[in-house]
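Two complexes, one shared chain (chain A), two partners (chain B, chain C).
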Partner chain A sequence: MNAVIAYRVAVVAGAIALLEVLCLTGVIDKITMQAPHLIARDLFRLLASGQMNGAIVKTLTNTVIALVMALTIGVVAGALIHRWRGLRDTLDPLFATYYAVPVFAFYPFFIVVFGLGDLPQILIAFMLGVVAMIVNTLNGLDRVPTVLLKTARILRLSPVQTAMRLTLPAAAPYILTGVKLAVAYAFIGIIGSEFILSRGGIGYEISFAYTNFDNAVMYPLIVLILIASIAINSVLGRWERTLLTRRGMR
Partner chain B sequence: MTAQVALHHVGKTFPATRSSKALHALGPLDLELVPGEFFAVVGPSGCGKSTLLEIIAGLAPATEGSVAFEGKPIAGEAPDGIGVVFQEDASLPWLNVEDNVAFGLRRSALSQSERDTRVRDVLRLVGLSDFARSYPSQLSGGMRQRVCIARTLVMQPRLILLDEPFGALDQQTRLLMGDELLRMWRETGATIFLITHALDEATMLADRIAVMSARPGRLIDVVKTHWPRERDSRIVERPEFGAITARLWKSLREESLKTIGRSLSTPAAES
Partner chain C sequence: MKRWRGARNALTLIAGLLLLWQLVYMMVGDIALPSPLATLRYTGVLVTSDTFGKHLFDTMRAFAIAFVLSVVIGLFVGFWLGFDKLSGDALEPMIVTVYAIPKLTLYPILLLAFGLGVSAKVAFGVIHGVIPIILFTLAAVRNTKPILLKTGHVLKLSRPQMVRWILFPAAVPEIFTGLRVGFSLTLIGSLLAAMFASQRGLGYLLMTGIGLHNIELVMSVTLLIVVFAATVSTILLQIDRRLHRQG
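Presenting the complex of A and B:
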């Protein structure tokens, strides 16, 4: 286990070291990319100056809003769809092909309808995440053992109590898979649409820096996004591990 | 004494679907359970034993006849005062043993301290006091089944239905669980309705044993054991034990053969 972690760190460190060497020796020229140690320095300066605080707050707030919407609406919709067989049969093929649709194609339309504010971005991020939540909630509910449903009836739980206390907790490991996807999708949705057209946010700042050849801003911000998504993913991964260990599923 | 459970001409037919013909699974069948007795049902596999249990539990409605619990008809909804232990593991893996057992008490009007006392008492009764904080995944199959029994007992049911609760356990564990079940039965005073495929288990545990026929399941024999209320698994040493088990097998052998013979001879008959 420790050896695996050591190898993983070695791979990342090796890649960074390689970039460092390539940049310092001039194989990669300065206009293309700065050396990693300079990126780290610029990131530190950028964060210390506070000039990006507004963009960071905006992106994170919108991501969280879209995520919370996707999670709650996804789980509730999943639980409801699971109860109605006919609805399920109708929607299943749509869910299966949903991710073949490039959701970003709707972005111009949302801007036309809702204006160039936060709402179109939040909608894109929500649309990307919500179906992952629904599909994984359905998948989890499908796997709840029949005997637990019988237990709920013997204990005379109402449908809402059965969902809240029994079937959704039983489906939690699968729902968590949906959460991990929804987090990734929320980030992609928000930052991606900021990139395409917006008036602020980290995605906008990266795009702005890019058009101005401002490597001292662009690369640090890309690294910032990487760090944020890795951090969130490892927190969720830890949570998933405790959940599965407790259930003897790993 | 009035019957606690009364079944009159109860039958169950599963309606035809696109892929299968209508299936007459059970009955007609008459059965009365006396309060406080230990009643066991044996029968060939597929004879409708579990269907019978689900009808009494209110999990599935009978398609003919009437079912009453304590004088009130059961109509497709689980009545208050009945507890069920299933063959499958029904412990909740995300809750520790204590919370598993307290699961059904959440809705009751008891105070927190009363609930805690009840849970503690029941855990002692099933011998899981030392595992109150453990999670089901850390327990053996027998212990998990005891968690389910405790979750049922904590509701203080007047009738406990058990659907092959020890079916997945090894023989020694089953005998010991049988001892514990007898002890719980005496201490709680509840009526027990046990479905089992093990004839010796039925003989060892029950006051009365019903033998069911092959499908559609009917009661073809009801055997009284006349055991004293104070008893345990050592009752297997008694000469009557062998006699009763033999009588059960005599009634059951032909029915079991029918079940097996039917499925074996069908392809030959068609060709």
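Presenting the complex of A and C:
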């Protein structure tokens, strides 16, 4: 295990050192990219000055709204679709091809319908996240042991009680996989749509800095997003692993 | 029998979506959303126009080059990481993490590095498509049945022979799944690239549609993209399922 961690550290450190050397020797010119230590310095200054706080708050708020919508609607829809066999068969081709279709292609259409506000972005993030949630909820519910369902019937639990007390907790590890994907998708959806066309947010700031060749703002912000999404993802990944280990599934 | 049920489900779904579209149209009206019929009519006009071919060609060229590159790089890296256990263990979680970051934000870097042209779009398609191909190939190589590998050792096969005669045939179904996912993601990548800072391509056409408030154009291009992506991915999914059933 230690060798693995050493390997990983070596790869990351090596990549940064390589970029540093290439930038300092001028192989990569200043207009293309700044040296990593300058990016770190600029990132610190940018965050300390607080000029990006508004954009960060806006992006995070929208992400959380879209995420909460995707999670609740995804789980409820998943539970309903699971009970209704015919609907599930009909929707199956949709789920199978859903992530092959570029959801961002709908963004222009949403802007036309809802205007250039927060709503189109939230909708895109929601659409990206909700199907991962539904599919994983279905997957989890499929694997609930029959004996639990029989117990529920013996105890005469209502469908809602069965869902709340037995099936959903039993499906929790799979649902958590869905949550992990939904978080990533919500983030991608909000930042991506801000980036394409919007009036604020971190994605917008990056594209604004790009059009102005303002590398001192663009690179730090990109690094900020990378760090944020890697951090969120590894926390969720660790939680998922704990849950799976507790169930003896790994 | 089973195939007919699948076709029936797909048809019900398409009919349902069209119905939904029509209902939304009746609710929001002409200015916000053209009806399915009007969109189809406009799509007919659009497809036969001269400029459309140019945009389609641009996107398809970027997409084709990106996909070929993704496959070559993905298979190579996937086999390497599958063989070399230390590298595989160390790099696989990192690759999974890269998959989850909003890659659109990396696009400005690619634009600065490759310039405003087809190569930036290709590079963007590749960083989308290469990851699933690597991950699926890696898993396939790792999960090869030990007895097959032992047979190879007994026959004293060299490493290239091992890949050619044992690992590759055993891993084909899994690799195909990777290619299928990689195909969709490469397409998404090349389309997205054209939506930002580009002068040609289907993504550019979409953005022009917004700029000119030409909703019919937006809907037609969206429809074409969705139909193309869904059709190809359905076909690939069928092949994928057949390969897995044989294996």
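Observations, loosely collected:
Everything that follows uses one rule, which is that the second predicted complex is superposed on the first by the 250 of 250 C-alpha atoms of A that agree within 3 Å, B and C clash if a C-alpha of one lies under 4 Å from a C-alpha of the other, contacts with A are read in each partner's own complex, and residues count from 1 in each chain.
We adopt the following convention: a contact is a pair of C-beta atoms (placed from the backbone, for glycine too) under 8 Å apart; a residue touches a chain by one contact, two chains touch by 3 or more.
On a predicted model such as this, the values are computed, not experimentally measured, just so you know.
More chain A residues lie in contact with C than with the other chain of the pair chain B and chain C. Legend: residue contacts after superposition of the two complexes on their common chain; A:I196 is shown touching chain C, with no touch to chain B.
Judged by the touch definition given at the top, the superposed model places A:A15 against neither chain B nor chain C. By the touch criterion defined above, A:M164 lies against neither chain B nor chain C after alignment on the C-alpha atoms of chain A. Within the superposed three-chain model, A:I31 lies in touch with chain C and out of touch with chain B [touch as defined at top]. In the superposition on chain A, A:T97 makes contact with chain C only, not with chain B. Here chain B touches chain A in the complex through residues 57-59, 77-78, 80, 82-84, 86, 88-90, 92-94, 103-104, 106-107, 135-138, 155, going by the rule given at the top.
Residues 3-5, 7-8, 11, 31-33, 89-94, 96-97, 99-102, 104-106, 108-109, 111-113, 184, 187-188, 191-192, 195-197, 203, 206-207, 209-210, 218-219, 221-222, 225-226, 229-230, 233-234, 237 of chain A are the ones touching chain C in the complex. Within the complex formed with chain B, the chain A residues making contact are 145-148, 150-151, 153-157, 161, 165-166, 169-170, 172, 243, 246-249. Here chain C touches chain A in the complex through residues 5-6, 9-10, 12-13, 16, 28, 32-33, 86-87, 89-91, 93-94, 97, 100-109, 111-113, 183-184, 187-188, 191-192, 195-197, 206-207, 209-210, 213, 215, 218-219, 221-222, 225-226, 229-230, 232-234, 237, going by the rule given at the top.
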